[in-house]
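Right after this note come the structures.
Consider the two complexes below, in which chain A is the common component and chain B and chain C are the respective partners.
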Partner chain A sequence: MDATKPKRRRKRHHTATEIDEQLFVSHFINLQLHFVINKDELNLLVIVMDVNPIWWGQQAQREPEFTLSKCLDAVMVMGNSHMAMTTTNRLAVISSHFQDSHFLYPCKNWTGGDGAWDGTMDEAPYCGDGKYELLSVANNVVAEEMKRVMSTTEMKGNSTDTLLAGSLAKALCCILLKIVTFFSAGQEMKSRILVIKTAEDCARQYMNFMNVIFAAQKQNILIDACVLDSDSGLLQQACDITGGLYLKIPQKIALAQYLLWVFLPDLEQRPQLVLPPPVHVDYRAACFCHRNLIEIGYVCSVCLSIFCNFSPICTTCETAFKIQLPQMMKSKKKKLKQSI
Partner chain B sequence: MASLSEEVLLVLKKVRQRKQDGTLYLMAERIAWGPEGKDRFTVSHLYSDIRCQKISPDGKAKIQLQLVLHTGESSTFHFSNDSSALTDREAAKDLLQQLLPKFKKKANKELEEKNRMLQEDPVLFQLYKDLVVSQVISAEEFWANRMSTTNTENTLSDKKQDVGISAAFLADIRPQTDGCNGLRYNLTPDIIESIFRTYPAVQQKYGENVPHNLTEKEFWTRFFQSHYFHRDRISTGALDIFSECAKQDEKGQVPSYEGYGFSAAASTSNPNRTGKENSNSAIIKRFNHHSAMILAAGSRRGDAPNDQASETSSTDGNSRDSDLFQPPIKKVKLQEAIDYLDLQREDGPKTVALNLKKSDRYAHGPVPLESQKYTTSQDIINSITCIRHEMANYVPNLAQVLTSSAVSSAIAALSPGGVLMQTGTQQAINQMVPSEVQGELKHLYIAAGELLRHFWTCFPVNSPFLEEKVVKMRSNLERFQMTKLRPFQEKVQRQYLSANITGHLEEMLQTAYNKLHAWQTRRMMRKI
Partner chain C sequence: MDEEPERAKRWEGGYERTWEVLKEDEFGSLKATVEEILFQSKRKRALESHGQVRLGMMRHLYVVIDSSRTMEDMDLRPNRLKATLKLMEAFVEEYFDQNPISQVGLITTKNKRAEKLTELAGNPKKHLAALKKARDAACVGEPSLYNSLNLAMQTLKHMPGHTSREIVVIFSSLTTCDPANIYELIKTLKSLKIRVSVIGLSAEVRVCTVLTRETGGTYHVCLDESHFKELLMFHVKPPPANAQSECSLIRMGRCAHVCFSQTLKHSQTHLDSTSEVGLSLGGYFCPQCHAKHTELPVECKICGLTLVSAPHLARSFHHLFPLEAFRETPLEELPADRFCHACQGKLKDKIVFTCPFCSGVFCTECDLFIHDSLHCCPSCINSQHSN
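So, the complex of A and B:
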C-alpha cells in the first residue's frame, strides 16, 4: 500500500443537471428555513376577550355547558398553540370589562419574570404535565388575573357596555410599544388582534372605535373577530377595513376548534387555506334625524350631516337651502302643420 | 371684373407673370392672377394644391414669389411695382403663410384622423367592427358622434401648449464678423418674438419707431449697438433710444425673486467695493434681471393675447399715454403678473367658522338606536354574583376543552360546502365561464351600451328628426339582439349549464322597447 503518494483525484466536471439539482435542493432548504425559522420577524397576537360579567352570568344560566370557564380554556388553548408554533411568536391577552380593560398577560403584578423557569417560583401549579414552561406560566397568569378581575367587579355606574374600543386602543398601544422596542434592536414585528366578542355593540363608542380601526389600518395591524352571540356591525367594518376575518360561530362549545382552524394561521398563510369568505358589510349611513339606515338621502353641503327628508333648514348648522323645483311648463299650443 | 363670389383678401397690382403685367388676387380659398385689362384669371390655384411658396433672396433686383404645387409645377410672380414691390411681396407671402397650412390636404386629413383613432383605441375598433362591419348601424351614424368630440379635443390640446422662451435666445444670435470690422446678426422671427416677449419695453419702442422713423433693419441695428444690449451698459448718449429702457430697468420695475440671486441686502451698495467687484455685480445683476424678465414673460404669456396692448402700455414707463392715472392700474397689473402664490407665505385658506348646534350627532355612528335588551338591576346583580362565584373556583382544564362531536360538526361547518362557507360559491361564476366568453360578453356590453346611448339620448323627443331616429334605433336594437345576442346566449347555454349571463343585457333592451312603446302609445293618444 503506497500511502505516501497522495491519491490523485480526477476532477469531475459537474454536469448541468447536477448543478440544477444542487441549486434546487439548496433553494428548497432555504424556503423551509424561511418558513420555519424566521429569526427576523416577531409575530404578536393580542387576544381581546369580552368578559362582560352580566352577559356571562346570563349565559351561565342559559347554557350551563358553555360558561366563562370554558371560554377561558379555549382562549388558553389558542394562546398556547400560537406560542408553540415558533419561538418568535408572542402573546398578549386583554380582558374587556364594563369598568376597565386589563392586561391578563403579560402582567406587571406577576413577579416571575418573562417565563423563565429560574427556580424562584416555589409553586409549580398546573405544571405537572411537563408542559413547556412558557405556556404553563402564561396559563397561570391568565387564570390568576382573571380571578382577580372578576373578584373586584362592582356595579358602580349604570353602564353595562363592554369597553371594547378602549381595549382595542390598549392593544394598539401595546403593539406599538413592542414595535418601538424591537425596532431599535433591528427586529421587525407583525401583529394582529383577535377579538372575542359576546355582548352587543355600544353605540356611544362609535367614534373611538372607528378611530382605532383606522389607526390599526395605518399600522397594518389586522383585526380578526370571533363573535359568539349577535352580529356586530362595528367589528364587521373593522375586519373589512383592516383585512381580517370576521366569523360568527354557530356553536359556542366548539369555540376552540373554530379559533384554531380559522384564527391561528397568520396573514401569510391565510391565502393558501380555504377559509370562510368575507361577510357582506352594511356600510349604509344613518340619517341624523331618525338614525334609520338609508341608502339615498340629503346631505347638507356646509356641515355634511345626512337627512332622510328634505328640509329647508339644516338642523345641525342652521343653513338655509333653496332647491330648484322643476319649473311648471306652460302647455304649448301645438301648431298644426298645414299639409299641402 | 367678373363678379367675384369669393371673399377677396388681398389685391396686388403690377405683378408680372410670364412677362405679362397683371394683378394678383388672394381669395379665401385660392390665389389667382389675371393680366391687366382682362377680366378673367389666367392663373388660379387652390391653396390646397399649393405645396409650398418660395421667395427670391433679398439682395436680388427682381422681387419674386414662386408657388410650387403638389404636381410639381410652379408659377412665378414678379412684383414690379417700383415703390412698393417689396412690401407687396411681403404682404402676399405673409398671407399665404397663414392660409396654406389650413388647406393642406384637408380632405385626406379626415380619413387619416379616423384611421388613427381606430388604431389607437382597440375598444373603439372592436365597437366599429361589431356595429358597422356587421351592418347594425351605418358608418356615418357611427362617426357622427365621435368626430365632434375629437375635433374639440384636438383644438383644445393645441391651444394649451405654447412654446416658452429659451433663456439663451440672446446668446444664440451669435454675431459673425463680416470681414471688415462689422458684425452680422442673424435675426429670425422667433428671436424677435422672444425679445419682444421678454422685454415689452423694446416692443413698445419698436411699435413707436417702426415704420415711421426707422426701418426694421435700422431699429435692430441700433438695438444691438446700444449699450442697453451690451453687458457693460454704461449709458452714454441721450440719442440712444434705448437709454430710456435702461433707466426704466434700473428703477427696478422688474420682479425680483428673493433667493434666486436677488437679496434685499445686496442691493444696498457697499461703498468699499472695488471697481472690479462693482462691474461683476453689475453683470450678475443684469443676468438676474434677464432671467427674471423671461420668467415674467412666461407668466404674462397666459393672459397675453387679450391684454397685450394694455399690458405693454402699462408696463412701459415711457408710454405716451397719460402716465398720471396709469400707475395704480399699472402697479396692480404688475403685481398680478409677478405674484406667485406658492412663493408667498402660506396665508391659509380663508375659513368660515362652522356653526354647529348639535355636534353630538356626528359622534353617533350608523348604529341605530335600537332599544337594548332591558336587564333589570336584579338580573345584573344576579349575573355578577354568579360569575364571581364561578371564577373563584376556576381551574383551567385544558385537557377537556372540546368534545369530538362538537369538533366534527365544527369542522363540517368550516369545510367547503358547509354552513359557514356558503357565500363563497356564489363568487365563482367568473371561474366557471372561460375568459373568451367573458371577453365576448364584454364586447357585447360595449356595443349594446353604444346603441342604447344613441337610443336614450333621443328622449325627450322634440323634433321629427329625433322621432325618426328613435324608431331607427329600435330597429337597430332589434337587429343587434337577433344577430349578436341570441346566438351568443344559445352558445353559452349549450356549452355551460350555468347562469344566465346575458340576463342583464336582455333586461336593458327590454326597458328600451318598453319606453318606446309607452312613448308611441302616448303619442297616439294625443293625436286622437
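So, the complex of A and C:
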C-alpha cells in the first residue's frame, strides 16, 4: 500500500473567536476529566461589570479593537462555560454604573420573577445552532438589558465614579436570598463574585467598601478581581481579605483567555493549578489631615482617626488629649553659706 | 454600701398571664402568632442602639471561668463546663471580629485557687487552643472569687488609661472561698475603674450583685443554653466608655505584608513558643525597627510600637457610624408587585422595611443582614449622594 503523502494544509488565520472556542473546549474537557465535581452543591458565580460610560467612551477612542461589546462577549464566554460545567452551576450578572447598579441577568423584566433560576423558561427563543438553550437565553438577555441600561440612563449629578461598593452590596444580598431559598430545600450553596473593573477607585467609597468586604468574608464568599486599566488598592485588599485572586491584565484583547484560565476554576480546584501569585498589598492608610500614606502615625482612641503628627485636639471627634509633659523636678534647696 | 433600694424579686410581683399572648385564629391554628413572636425576636436586636455615646474601642477583657465542682452538673448539655467552653470558643471568634484591636485573657478558678489559662493577647489562636485543651480538665473544689479578681486586677491595673478594663465572670457555684474581705477588693476595683460583669449559671448570689453594681457591670443568670449564649454575646459589643477614661493619641505603626522575603529571619513572635519552628518566609516588618512578626495585631517586642493593619481599624468603624433602624411599613401601602431593592426577590412578608434616607424597600431577611453584617444601606450607597 502506498503511503500517501500527507496533504499540506493551507494556512489560514484563525479568528479570535475560533481560538477562544478551541481553548474553551480543551480547557473544559481538561477540567471535567481531572476534577470530581460535587453534584449536590450549587455554585453561584456573580459577575459585576464596570460599565462606566466615560471610561468606555475614552477607551473606544484609544483602542477601537476592544470596545464594550467585545468585553461583553468575553464575559459571556466565561459565563456560558461556567454554566456548562455542571447543571447545578448558576450565573448572575450585574452592571455597575455611576448612577445605579442593575441586574442584567436574571432579569425580572423578562421572566417576571425568578423563573430563570430554575431553568424553566416559558418561551425560549429558537437559537438555530443547537446550543444549550439556557446559554442562548442568557446571552440574549444580557445583550438586551445592557442596551437598555446604556441608552436609558441619564446624566444626573456630577460624580463620575463607578458605584462598585453598591453593586457588591446588592450582589451579597442576592446571594444571601438564594442561600436561604436553597438551604431550605436541603442543598448547599457556594458562591463567589468576579469583579471586572475599568475605571479608577473612588476614595469616598472606602468605608462602604470595607463594610461589604467584611460581610463577604463572614459569609465565606470569595471576591476575585480582574482589572483592565489601573491598579486598584481597594480591590487588592478585598481579594486579600476574602481569599480571592487579583489580576491586572496586560493585554485587553485577550480578556477571554485570562477569564477562562484564571477565574473559571472554583475554590476547590485552585490549589491544584498554578495561578498568578498574590500581589504585594499596600495596607498603609492615609492620614486624615494631609491624605498622605503613612507608616507610623497617631490614632485617636475615641474615633480611630489617623494623624501623622501629634496634635492636642482630634479634628474628627473634638476630644482634647492628655499631653504627657515631662515631670517637673523639685529644685533642691541650696544651703546658704553662713557668712561669718 | 447598699443605700440603693433593691429591685423587687420575681415572686414578689403580681401574676403575669403569659398564656394570653397566644391567640388562635378562626381555624384554631397558632401559626400567625408564632410567626409574629419569631419576627419580634429577630427585630429585637436590631432595635437596640447606643446612639451618640462614646464607646470603648480598645478593650482589655479577662474572662474568669468557674471550674469548681458545680460545673459538672448536667443541666446544660453535656455538662456545664463543656457547654461553657464551647460557647467561649464562639465568643472569642466573634469578639475579635467585632473588636480587632482589643485583647482577651482567660482565667480559671477551682480548688480555692485561680490560675491564668492564657495571658492578654490580641490573636485568637492561642485562646482557642487553650480552650480546647481545658475540656479535659477536672472540676474540683470550690471557686475563689477573690483570688480570680485579684489575679485579673494585677495585670489590668498596668494597662493605659484610654483602654477599657473589663472582667466577665462565669460563675456557677453558690459559694466562694476568699482569703480576705472581698468588699475591700470591690472598693479597689472601683477605684481602678475596672468594670466587672457576672453571668450566673445557678442562681443570684448577693456578693455578685454588689460587685456588679459597684463597678458598673451587669449581672444576669441564664435560663437555658440559648439564653446563656445571648448573655455572653452581649459582651462582644463595645460598652459605653467611662466618663473619666482618658483619651489619648496612641502611636501605631501600619504594616504592609511582605510575601516571600529574600532572607529567612527568625520571627520575634516565635521566640516564646518552643514547639514551633522559628523560620518563616513571609511576615510583617515593624516600620520602626524592622523586626519580623508573623501575626497582627501585636506589640513589637523590640521597640514597643503597636502594629496594626488598616482593615483592623476599618472593622471597628461601623460601631462609630451605626446604621439607623429602618421604618416598618405594612405591605398594603406599597404599589402592587414590588421587589426588594437589595436581593431582587418578591416581597412576601406582611411588613417591609423602608430606609428613612433613600426610601428603599427591603424584605425581612435583607433587613436583618443589613443591620447585622453589612452596616450600610444598599440603596443609599447606590446613589451618588452618599459620602
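Convention: the second predicted complex is superposed on the first by the 264 of 340 C-alpha atoms of A that agree within 3 Å, B and C clash if a C-alpha of one lies under 4 Å from a C-alpha of the other, contacts with A are read in each partner's own complex, and residues count from 1 in each chain.
Here is the rule we use: a contact is a pair of C-beta atoms (placed from the backbone, for glycine too) under 8 Å apart; a residue touches a chain by one contact, two chains touch by 3 or more.
Treat the numbers as computed from the prediction; the structure is a model and nothing was measured.
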Practice task
In the superposition on chain A, see if there is space for chain B and chain C together, and answer fit or clash.
Solution key: clash
Problem - chain B versus chain C as contact partner of A:Ala254, first or second or both or neither - result: first
Practice task
Look at A:Val302 in the shared chain and tell me whether it touches chain B only, chain C only, both, or neither; answer first, second, both or neither.
Solution key: both
Practice task
For A:Leu72, decide between first (touching chain B), second (touching chain C), both and neither.
Solution key: first
Practice task
Please work out whether A:Leu163 is in contact with chain B alone, chain C alone, both, or neither, and reply first, second, both or neither.
Solution key: second
Exercise for the section: Considering only the touch criterion stated at the top, classify A:Gln219 as touching first (chain B), second (chain C), both, or neither. Expected result: second
Practice task
Could you tell me if A:Met210 is touching chain B, chain C, both of them or neither one (first, second, both, neither)?
Solution key: both
Exercise for the section: Could you look at A:Leu264 and tell me whether it touches chain B, chain C, both or neither (first, second, both, neither)? Expected result: neither
Exercise for the section: Give one of first, second, both or neither to describe whether A:Ala285 is in contact with chain B, with chain C, with both, or with none. Expected result: both
Completion exercise
Where chain B and chain C land on the same part of chain A: residues 204, 206-207, 210, 277, 280, 284-285, 302-303
Fill in the blank from the handout: Listed in rising order, chain B residues that touch chain A in their complex are 354-359, 361-369, 372-373, 375, 379-388, 390-392, 394-398, 401-403, 406-407, 409-411, 413-414, 416, 419-421, 423-424, 427
Fill in the blank from the handout: In the complex, the residues of chain A that touch chain C are 98-101, 103, 108, 113-114, 156-157, 159, 163, 165-167, 169-170, 172-174, 176-177, 180, 204-208, 210-215, 218-219, 237, 240-241, 277-278, 280-285, 294-304, 306-307, 310-311, 314, 319-322
Completion exercise
Within the complex, chain A is touched by chain C residues 54, 57-58, 97, 162-163, 241, 246-259, 287-288, 305, 309-311, 313-318, 320-321, 339-340, 342-346, 365-366, 369-370, 373-376, 378-379, 381-387
Handout entry: Touch list for chain A against partner chain B, complex
Key = 53-58, 60-61, 67-70, 72-74, 76-77, 80, 126, 139, 143, 146-147, 150-151, 153, 155, 160, 200-201, 203-204, 206-207, 209-210, 233-234, 247, 249-251, 253-254, 256-258, 261-262, 274, 276-277, 279-280, 284-286, 288, 291-293, 302-303, 305, 315-318
